[in-house]
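Have a look at these structures, which come just after this line.
You will see subunit A twice below: alongside subunit B first, and alongside subunit C after that.
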Partner chain A sequence: MSSPTLPRDVKYGIGLGILYLLLGTPMARDWLEATMSRHMLVQMPLLVILGIIGCRLLPVRWQNDVLARVGGSVPCVMVALFASSYWMLPRALDAALTEPLAEVGKFLSLPLLVGFPLVLAWRRLTLIGRGFVWTNFISMLAVLGWLYIVAPVRVCNSYLVNDQEHAGWYMVIGSILLFVWWLATLFIGSGVGPNKPGGNGSGTTLA
Partner chain B sequence: MASYTYTPVPDTGAKAGVLAYLVVSAVVLLLMMVFGLLMRLEQSQFTSIGGLWFYKIMTLHGAGMVGIVALAGAAVMWHFLRLYVDLSNGIFMANLALFLIGVVMILASVLLGDFHAGWTFLFPLPGTSMGLWSTGAAALFMGGLLIIGVGFVLLHLDIARAIITRYGGLGRGLGWPQLFGHDDGNAPPPTVVASTMVTIVNLIGLVVGASILVMMLVNLYVPSFEIDPLLAKGMIYFFGHVFINAVIYMAVIAVYEILPRYTQRPWKSNKVFLASWTASTIMVMFIFPHHLLMDYAYPKWFLIVGHIIGYLNTFPILIVTGYGAMMIVYRSGIRWDMCSRLLFVSLFGWAVGAMPAFIDGTITVNYVMHNTLWVPGHFHTYLLLGMVAMVFGFMYYLGKPNENAKDSPIDVAAFWAFVIGTLGFTMSFLYSGKISVPRRYAEHLPEWVPYDRLASYFIVLILAAVLVFIFRFLSRLGFASRDYQRASLARSLATT
Partner chain C sequence: MNPVKRSVVTTTLVISLGSWFFWWATDGFTAFTAETARRVEILRSPRPLPMVTLEDQDGNKISLQDYEGRLLAVDFIYTSCTTLCQSMGMIFKQIRDLIPRESLGRDFALISISFDPDHDDTASLKKYGQAYGADGKIWRVARVPDKAELKSLLDAFGIVVIPDEFGGYEHNTALHLVGRDGRLRLITDIDKAAPFAEQVVALL
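Now for the complex of A and B:
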């Protein structure tokens, strides 16, 4: 008699949960939040990615149901835009380091209010919508990085000025690389999304 | 080797959106030309409007002309591209709406807020007005540019979507499988290749432009966020040069589409054509340094690259298009009417207008010529006798009552007035450059005034011609939206 095996998606879900808990351990948090670069450019994106993967593990029917209930792709993109913008503010970073409630808010909002709604919206967005999200995100990242580089003051109480400058440079470089990658996807024609707004395109491509 | 034969393409009328673009373009173009005349009259000492109004008009003339030729070019591109791919009318109209909002902001900034830092808004000038304009006026001007840019980003994203959906990627839109592999004759038509190139370079240019505009807006209100002026200048000229270069690549689509209809000869998307467009896609992004050659603080290698690429980029598309047009017309028995005349002369204007830039792109020449009227001589030839002539040719094409319609002598006279007026006007700029008359000066020395006066007379001639062109277009708007054969077939092909 063979032992019952769990479905693949459930296994991935358990793995994802373990990873999420690991990120929340004091040791991981201490290391990832020790520098501004790791905090903003490693820990936060990882939390968003967990939300993205988590959403994609759900059956497509569930995703469509949730998307219909929340009013379609535009509200999802707006929620993701505002939530991610909030976590770009230096004050939000400070709060996450000093106030446990803000830290919990970060661990909940980045996967649930950024990663999750983006995946829901993605399959319904045409290239114009996807292009808007990418160009908006890339230019925000570049400008924010530039501001961090030239800021005359320490913008985060918890991090040193040189740390802030390093984070700024990583953001500028990251935005350039992202832009090149996004343009490259257009050259090979992937990530175009459905032809009509609201159509059910592929949600598996990132571009 | 692929063989090419002409496949007749039906003449389709313009959508209401295209006509709206063209009407707005015609009206604003005329207004901006009047502004140009006012500046030359001031330099001629015929009028004395004063420095403040001169620079306000100069700012409006520059920003207005760049914006309006982009709008007119987009109308030409969209009209023909929609024959091959499925474009969104909503996005096209959204771009027009955003454009008009941006224009209102810019007009308010200049006319009500006295902003007059030039369309190039070079850092740190917008933020250091010494009391001549407010921070709000500068922010309104840059915000207006930003909104116009957002409209064009949306338009290009829609074009990218449509090309990718139809052809499978922007690389295929540029005809790379045929360029780098076997030319099976199935490369995208020239319209698609040109639109793909424009979309790629403008998306990059607009994102860079938006970034520097946002940073300068932040700096306006929080000056302690300092910007490196050289970096700002580099970014502004990258965006500005790519954007203004792209307008002629949009408008040249009228030549690719309309001349073959007259001669019934195909415009071939062969390997040479595809290679030239791919080369220019890359090079057009590296030629802006000829505006920076006087900034010795830039790294030397950067300026040398700008010099070399400036030389190289002058030729590929220009030669391929000029040679292609001559091959299509040569011994074709083409019937010359206003449309075919304007389109053909536009290639002459493009070629002649590119040469002063080629010369100015030489570092040693640039040191003494760049801040003179030589440079306005270059871009006025290139834009007025090149790009704007293409747009007027397109307008005549849309409004032609039937394929055998004859032009009135007034139109023919207006055509020659336009050509002679433009040549005289631009030559006065170029000659003034040769004798070292600086550009952007409201007041000129007495020795320079005769050339300014000569230029003013020629502008009046151009204005008279353009009034005829625009009047004719507006009076024939009813024809422009209908589907019928417009091009007069070459004599050897015509049945009547």
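Now for the complex of A and C:
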């Protein structure tokens, strides 16, 4: 059936796929990987966000099904935690630049092992669970940023030492902004807390 | 399987797999940077070096393979460097002076290799050498004229050179030791000149 009007989610899905492929073009990669800040704080988060949006486009029934199969939100959060921590290692950054296999791994793991499981887990997480994920992420970002600022050595062979310091400052500033924003949503927002009853599982907003 | 049991099983699986992966990806939680990884790997399996043509400060064509049978200390420099390479010269001088005189040249040699053949001609290599007492025999200062060969040499050593915003370069600086078999066998920090010399003496 060649329907001229595709369902909305499918259209979004196609758009998402195109964005993903665009990020994978040599030109986009060269530009986004030219500095450490862009690599860590633009390209990688974009890949995770693509995964988040992609997963939310899937029918809720599928999401629930997968979540039930893998055993709930705890293993999902764990997977995301491991995968995101790995890509915070300076060695992983260098590897992505020098080894094609590592680059492919990055493009697959950030959406599929960080974005996807986070969305799956999020709806089932209590306020405390979400708080754990947020504070864990924010503190990791702050500590890593601080390490990059004070490190007496260049941690990435592929990036200038100035670049490392810049990235460090962006991370520290970013973590503070994120923390303030998250705190604000606790008081005034509605998305952070556990799902309101009758939300029909649509409350998948991240924060 | 009930949901709680399933959750416990998969969580355990994820944590074990994740920990194993981290252990594997960091050489047993020791190497968190590419630089450390390079050093750990060399220690584990000394690496053969490619055959490339070097030109020393006197215009002689040599190769690293000419040094087989001797221990060879290698560092990478560019002569217009105003910061680290200047101290590299002093460090290499210090190492040379820590090696017994009778072994110098016969059983141990040094070479400083420039990765900037565009700017470093034999004259600037000579000037660099004279500044630190590199005589052109025991201690040579050399360039790799051919770009492709230079790349293969840098790759083999694991040296990454990136231009900085002041017209110079940033690169991972270290002391390298090539064994008698022509394989790269040890990489240490540049502030470890004395331990490096001790290692050399122990191998003489």
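Assume the second predicted complex is superposed on the first by the 192 of 207 C-alpha atoms of A that agree within 3 Å, B and C clash if a C-alpha of one lies under 4 Å from a C-alpha of the other, contacts with A are read in each partner's own complex, and residues count from 1 in each chain.
Everything that follows uses one rule, which is that contacts are C-beta pairs under 8 Å (C-beta built on N, C-alpha and C of every residue); 3 or more make two chains touch, one makes a residue touch a chain.
Nothing here was measured: the structure is a model prediction, and the numbers come from that model.
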Partners on subunit A (subunit B, subunit C) - clash or fit: fit
Vertex subunit A angle, Cα centres of subunit C and subunit B, expressed to the nearest 10 degrees: 100
Contacts of A:Leu6 with subunit B and subunit C, given as first, second, both or neither: neither
Which superposed partner A:Ala142 touches (first subunit B, second subunit C, both, neither): first
Which of subunit B and subunit C A:Leu22 touches, first, second, both or neither: neither
Which of subunit B and subunit C A:Gly71 touches, first, second, both or neither: second
Touched partner set for A:Arg154, first subunit B, second subunit C, both or neither: second
Touched partner set for A:Leu183, first subunit B, second subunit C, both or neither: first
Partner chain(s) touched by A:Ala34 [first = subunit B, second = subunit C, both, neither]: neither
Partner chain(s) touched by A:Asp94 [first = subunit B, second = subunit C, both, neither]: second
Partner chain in contact with A:Val79 - subunit B first, subunit C second, else both or neither: second
Nearest Cα pair across subunit B and subunit C, whole Å: 13
Touching both subunit C and subunit B, counted on subunit A across the two superposed complexes: 153
Partner subunit A, residues of subunit B touching it in the complex: 86, 88, 91, 153-154, 157-158, 160-161, 164-165, 167-172, 200, 203-204, 207, 210-211, 214-215, 218, 224-227
Sites on subunit C touched by subunit A in the complex: 3, 6-11, 13-15, 18, 21-22, 25-26, 31-37, 158, 160, 162, 164-165, 170, 172
Contact footprint of subunit C on subunit A as seen in their complex: 68, 70-72, 74-75, 78-79, 81-82, 85-86, 89-92, 94-95, 98, 153-162
For the subunit A and subunit B complex, residues of the former touching the latter: 126-128, 131-132, 135, 138-139, 142-143, 146-147, 150-153, 179, 183, 186-190, 192-193, 195
